[in-house]
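Structure below; questions to follow.
Labels A, B, C and D are assigned to the chains in the order they are written; within every chain, residues are numbered from 1.
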């Protein structure tokens, strides 16, 4: 798996879906999620593409650099959360020159732990955790069943997409949507949608 | 979208360039989004840093100056500033006496300021964070992200800023800021949505004759949509909600009637007349009124009412001189 | 109509009740529509009275206080005040040193103030009237009612108010007010119309992507409807029109970037950045900037740019202390 | 002719047409003409109806009182102009106990002179003068042809209505509409319309 390819693909997907993510955020948040992430992932991709990061560096290092760029440029709730997720994932990968299926499982688990430690959300709170947590579980399941990197990544992406869809009926208990109380019910969580998107980029580039 | 802007993505940087051009007494970095007193760091003084998403002007950049903030960090519209900006601002104002982060309670603000505070402490800058959460429209705050920070940010910045200017230590300044927050409550009402420039469409649709009760300052819908009311009814809804949470009977109040950005001053004074009547009818005294668009939500029409139960000390600090673009009196 | 009001017919009186409640240092008669310094008449001081239709707040009632106006008369929304109000205000502030009427050039204002001045002179109050007509959007002013009075009203009230506060005589104070008017020009742009409460519908319709160039401050359409431009283009249109009428090259300027009421401060600062760039590119210096909604047109979105070519004396008077609800600095 | 009946009828017509007058004013002015006049004429009618004015007083006195009330309560350009018109008309009538056809002619002429002296408008400037001037001329013509009070009043009212209609193609040179330059063309002048309305009230009550 090329961490650089993943981040660059994620940046492209986020850019093309930025307006939709922002619209979803306008419904139950403050209408900036897509543009926040676009800024952050563009910076991450630029860091990887530019001189800032050695593209030949180990994947873990690349994810740490991407995470730093995201923290530095995104702002909002999603900036620290995604930035921490990527940095933790990168740290879990360490200096391993290639990512194994098991390594991916560890990285995603570390990302989830980073998000929940920082943001304090649990599954069911209608946040990105509702996409990330099932993704981690699905990845670990696929791994237990002997799946390879591609299979594990695809399992994570599919579970994340399903998890995002499942946020629709939930009442938000974290993030801005929680201010709406019951009015948050019936809308999909934008951060869960973007998590699914980022993991789709992972599945598309994991081979 | 009817906006006086150049490009949606450049609004914040352009506005900061304007702030810099108009106010040589401020050191502005439009790219990073920082606004710093030009005379910072002020030797021996506890420094106050606040910030948050843009779109609330004059909050916070317009409140930088003697007697109030030492620095502000301006994120993109409605988007918390990044830690890099907060660290830069913190370092720029730190004189060694400690820095206070006044943070409105939004997940994004809390996380970005927390990251910055950790990094600042690595550089041996002592940082105390004070959380501002005054918005009673957020009910059931145990099962939400908690109350939003709104009008009390202005109160805390002004009052803690005055105490810092007097030379008080880090602990005392943080304590008075927390005291202000504890004694303050707010409630907002929207008569129209607003449009985030980069989004290009209104944050919600509101039919003629409708309004949103219990909105924050980010163009988000409120707790309830109801039939549009008169100024008297709107004020009653807001003050009843506040009073239920923090009884106002017998209180000596600092009152902010805050235009949301698109509501003209004449209407804010109509609202203040209703506020004065309501409070007089409920045994409260307005010791200090402030009327104007101080904590805005882009061009949203509507009003937010904030109150703070004063003590003689808080009143003295409120009255102390302040010299900022957005708030200016005394001396 | 999304307004924070009680009844359309009571908006002005309600707002004045609010002003009275918030500002005990003012004597307000909400029925008659007068706002008077509570310490009036100030012995030996030339008194300044202005006024006009309401809907321009803080102009004029918010500019009553030490260093600026002695009294203001507030007519109904966009409707000149009646002579009775002007006479009452004039009598209330007259200390025997003479009274100046600062009158924006609208037929209604001119006629009502003229009637009042005649009646005041019957009561042996010496009145000097100064006409404010700074709006260059009115072309061909020989064949019209003449240029409108807009942003220069604020300049004249502040600067003449400071000279009166210094103890100057009636002739000198009137002369400096006229000097300010002669040296000032304004141009306004609307991004949206506004709605007079009693009318209930917008003063004009504006399609998405259109704007009105050369508007006044009464919700009227402007000289031309054009494709909505960027802030830079809008500022260029306004300053080009002003510069054509009064060359700005080499001037030392007082500049007002004035929000029309519905445009938030962040956009006004975006506009000011463009103004600073334009002026720097045309050899003019901004000695004193002022940015904010000071001369509004209800909730109209848009901006008016006003400039005054300063002299050292005018700069000194501009900088002199002022203590009013709407403008406050020094001392 | 009962001056009191005229003013009270005028007040009723103005009240029922206030919204329309305001709409006309919004098109080329500032959208307040109808509500201004309504306030002024309501005050004038109240002064006549109330204790302020002796209803048995001579018509000239009643018109002076009505004019004062209008000046005191209307504001705007139309307040001083209509107030002066009525006061001048009243002065022309003096203490005559009844109004003759000739007296009406003198009164209307005095009203017109008052308006043009104060406002400086000439015919063709697209103001109330474009209704009032032809009304005065028509009244004087009818008088010269031996018309009685009712005939003269009706002639004035009809000429005022025609004069108002004739303001549509004009470019305004006085009042707020003049700021619009050529954009004032194609709209009727609200003050001319209200003048026609007030003179219609005169015709309806002159007998």
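Just so it is clear, a residue touches a chain if its C-beta (ideal position, glycine included) is under 8 Å from a C-beta of that chain, and two chains touch if they have at least 3 such contacts.
Please read all numbers here as calculations on a predicted model, not as lab measurements.
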{"item": "Farthest chain (mean CA position) relative to subunit D", "value": "A"}
{"item": "Chain centre separation (subunit A, subunit D; CA means) in Å", "value": "74"}
{"item": "Inter-chain centre distance, subunit A versus subunit B - centres from mean C-alpha coordinates, in Å", "value": "31"}
{"item": "Geometric centre distance via CA averages, subunit D-subunit B, whole Å", "value": "54"}
{"item": "Intercentroid distance (Cα basis), subunit C paired with subunit B, Å", "value": "29"}
{"item": "Overlap residues in subunit C, where contacts from two or more other chains coincide", "value": "77"}
{"item": "Touch-based graph of the chains, sorted into line, ring, star, complete or other", "value": "line"}
{"item": "Listing of all chain pairs that touch each other, if any do", "value": "A-B, B-C, C-D"}
{"item": "Subunit B contact footprint on subunit A (complex, rising order)", "value": "19, 22-23, 26-32, 35-36, 39, 71-81, 118-119, 172-176, 178-181, 183"}
{"item": "Subunit C-touching residues of subunit B, taken from the complex the two chains share", "value": "2-7, 11-12, 14-19, 21-22, 54-55, 57-58, 62, 77, 191-192, 206, 208, 211, 228, 230-232, 234, 261-274, 276, 286, 289, 291, 293, 296, 298-299, 301-303, 325, 328-329, 331"}
{"item": "Contact set on subunit B toward subunit A in their complex", "value": "9, 53, 75-84, 106-108, 111-112, 114-115, 137-140, 143-145, 148, 196, 198-199, 201, 203-204, 216, 218-221, 223"}
